[in-house]
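The structure under discussion appears below in the form of structure tokens.
Chain naming follows the written order as A, B, C and D, and within any one chain the residues start at number 1.
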């Protein structure tokens, strides 16, 4: 009789699939098989079992070698650099639970930290746009049950959110979409003929970086106003057709991703995509949703929101919360030399920030709290390995549609390893000591 | 020596995602991510066979990766690198005061670099940061 | 009119938040009192005297106070922010939030100023001899009320997002403007004597943009309606008139739709 | 636990009929008691007003749409001073949508100790409870929304009262909910297609049931389950000229139904923010008050209670599960609009709104709320709310009290309006000279709300045996004359006790208390059909597995207070 854990949550991407089945060894100590997960999700669970995994904190030495230290020493060092700094950057938060984030926020409040999450290089542009124009959206199931027009704009779920199309957006048979894929028209707008585009009923292969113009053209077309012959390399007839296709739907859902958030115009691309959605609600029903990346970047924004009032780029340095991406955002802070220490948890700026920012992290007193070896742990003074959330410890996570799901513990972490919440709690105690409270 | 100018896009691929979860220090990650995808036309212009090492550079930096044929069709003149430390050696850090670097749409120059090494992710950033390796 | 002169004597390790470098905060204060005012830097709170020599004194009111700031001020934010009257002269390059939330008075920046200058400006005047950064005269994040009054003259170039959510007032740029000018504007006027990048007047409801130079890509929602003779900033010329953004909502007046206007010099 | 004696205050406790008499109040072991020993700590309340802790029956203070309001309005933080942490306090900020910390502190400062979150989307219940958990001091419960829930629509359409009740009891357990909330019945489901139900007879698309049937069905289910609170409705057609007729039709659905419960509750229907539902006229042009019609009807029906939803004339943030209304609103003011439709259950929208005294419609909305409260014959059934933050932030309750208690203060407001004559002309308020007493204010803010919630055995009075929730305000009813003193005193309690613990000492918050989450666990007969229906819907139409749906008490409700009810037959 196989030892199976079911209804397991996959803590990789914002799709947050909650139907995984994990087969354990009979003693329940080892993961043998992962069922229903995508290639990435399965790899995540299996990698946690790697024999060569780092299980103790390590300080980097001058000569580039590392020296093992205890969690106690690591907590002391972390507390010290945070207390000594005038303006420490506390970045990451997206690959951990809301419970750990809460403890981190108490530390940040005590040390006057600059708290930023991975939205800063992901959907931060979307958060700015939502602050400017709002966002008509819905849950993934609402789209599954109703949507007959599905738009993927600058996103490629076939690669980035592998089960999105089968669980939510394209193939499933919903309450009012009983014919599954046949009930829906799929439109992809992307400068590349992506694997998602090749499944679509229509693909507008626009010139890279001209999304703002093309979205604007759609709004012009909705109102029946005249267009130039080409916009973003797309002939106007195709644009009018696309506009009619959208207006003729009963329920339009637009999913968008890095293709728009990271291209010229950034937040403006999202802003006007939201305007397109808003316009469509004058003719039919329409919603729009960001394809969030990290499995709990959304949760970080939520917890920051209810505790401080802002979803990312939160500046606590003056003992109150302030906010302005462009000033209080990680890459601007690093490149402008505005911070004097770096605390990184649950993300990998070493791999995913421009190298000019990574060089600054390497120059600062720094700690990286991460289960993995990463380019970030390679440049930080201290690496603190912790248990995998969603594999070795449970906790609350928020899906890309802001739906909270409690991730499950499947196996124990390696002997003597701490969870990030446990480690942060030690750091908080040390911070209180050096603050004398 | 031929040098061509391209417009660089970066982003996720499923190979990048799964090898990342498998460990960024592992060879598989380097193999999946230390690449630049180009159209056949641009490969011709550059006069390289696929899987040749090339140097990608611009005002922001320089990095050696493998040139491969784009599996997901590109406009000629566009190139694609999976998100990761190699691409980030050359992406435009300008955020236009939005916090978001310009990860997509960076002008780059590509030239053949057959004999230059491709570093793994950790060595790459340590070298770039002037740390001992 | 009394003058307070603040000269930076040492570069700070991090950025200083000079929320007191304006006539309202310095009026009726002596040099000694001013030197003791807070000048926050991260979680620490040095005082003005730690980094600046202070001479002169404030006038009886803001209107009677002139603040002169000298030196390399690239690590100083908020000069002239929230001022309601009086004068500020910035001799040197400085950082973010120059004249932000300003309601009156005059700022003269001899050098270059940083991002978010004149955020939500309501009145007064700002003259910049050098360049201005991104988000000049834009709204604060989330606010639909950008620049509402006053005048800004930048003799150099400006960054992106000039006049986002602008409702009133005017901006004159002698040099070039980066992407996104008067996005979401519902009033106000911007003159660009140099060239513009793309995205002039995107999602514009009302307002006017005058462009002397070139634009690399026009917004699809702007329609040419004819040529007009105009005098703009002392220049008489023929301009091509465009109305837009035709993709955006527009208010009606006497049954006629009011559009945003883009005038391009021929 | 420490004993306290609050001496010589002017005590207002409508439940015991105490109307400003000088009395001592004793607290021991977390409860109000007859007397305490000599060792008790003495609080000198001479010249001060003493009341039970306030009880808010309807506010949007925790959950997904509240957090959308916070996160998409950075500019709202600039409307109020952001306070640094000090002592036991975390840093706290925000004006119309405060952070959870500020929510707890500001309610405490107003002498409030219990607050009900007015709309919990079941699918997001975990989020609601995470925020409640992080909100200091106050006891809280949350109302799951049922008025557009597919199970409810189907069961009621088939006339299956028992199944409706069984499903409701299951959902209350899954979400750790406290009461049955019904927002724009049928209208929000219709909004799934961009439509709405603006009268109680508009059929719901596909489900082919009317709002009237939903409301009546939920009232009956509520009494079948014998819940502490009654069905809590936000009726159709909110905010539109002429909607008072829809409101009256909705209220009439309760006629002939009487309350069944062991909690002392007498009403079977609570109509929330009734100010928004008391409008006459046919367009914004001939818009006028119909407060008289609504107040008269509620006065005449003992089995109905309401809260007002006073407009405070601030820049605020509107948020409701009434999705179509928020879309309608953003078409009017062109400001940012957030909307979230929730699979099988509900929806919601969020839009900032500026209630300007210079706009006569806003002035009229301000007047209508006060008019209703001043027409009330029994203030136990007309409750203090601003439908926070929809009509204004809850932090304005003391200002509303000032308006209710002072005709002079109201006249000053009228005088400040651009369209004073037009506003005066279209509401009865300008001719009213009634001024509410503190005794009546105590009914509106604690005694009446506690009773309507079925919590009069815990809150709302200083009767010995009840929770030691006591507020002491620096207000002397014998000497005070300036109406401004009302707003000042009731916005900053001098002392506050929560379950016998000293929370505010001499105006300063000294403890975060031991907040509890109130929820209802009602037992019904085994119901295999409902169990099958639930399993089926999770298999086919929900995007979360049934086993990942329940809000686990252990973690999200760390300090629960559970009402166990047996509704088996």
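Definition applied: contacts are C-beta pairs under 8 Å (C-beta built on N, C-alpha and C of every residue); 3 or more make two chains touch, one makes a residue touch a chain.
In this text the structure is predicted, and so the values were computed from the model without any measurement.
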Neighbouring chains common to chain A and chain D, by label: C
Taking each chain's C-alpha mean as its centre, the one farthest from chain B: D
Closest chain to the centre of mass proxy, which here is the mean CA position: A
Winner on C-beta contact pairs when A-C is weighed against B-C: A-C
Intercentroid distance (Cα basis), chain C paired with chain A, Å: 34
CA centroid of chain B to CA centroid of chain C, Å: 39
Centre-of-Cα separation between chain B and chain A, whole angstrom: 22
Length of the line joining the C-alpha centres of chain C and chain D, rounded to whole Å: 44
Contacts with two or more other chains, residues of chain B listed in rising order: 96-97
Multi-chain contact residues (two or more partners), chain C: 115-116, 134-135, 140-142, 144, 179
Touching two or more other chains - residues of chain A: 128, 131-132, 264, 319, 323, 325-327
Contact graph of the chains (line, ring, star, complete, other): other
In contact (per the touch rule at the top): chain pairs: A-B, A-C, A-D, B-C, C-D
Touching residues on chain C, where the partner in the complex is chain A: 13-15, 17, 40-44, 96, 115-116, 134-135, 140-142, 144, 165, 179-180, 183-184, 198-199, 202-203, 217-221, 223, 245-248
Chain C - residues contacting chain D, complex: 140-144, 249
Chain A partner contacts - residues on chain B that touch it in the complex: 7, 9-14, 17-25, 60-61, 70, 72-75, 78, 80, 83-85, 88-89, 91-93, 95-105, 121-122, 124-126, 128-133
Chain D residues touching chain A - in the complex, by the definition given at the top: 62, 64, 66-67, 70-74, 76-77, 82-85, 90-91, 93-94, 97-101, 123-124, 126-127, 130-131, 134, 191-194, 206, 327, 330, 335-344, 347, 350-351, 540-545, 547-548, 552, 555-556
Residue ranges of chain A in contact with chain C within the complex: 85-87, 111-112, 128, 131-132, 210, 212-213, 216-220, 222-223, 225-228, 231, 264-265, 268, 271-272, 275, 279, 317-319, 323-327, 336-340
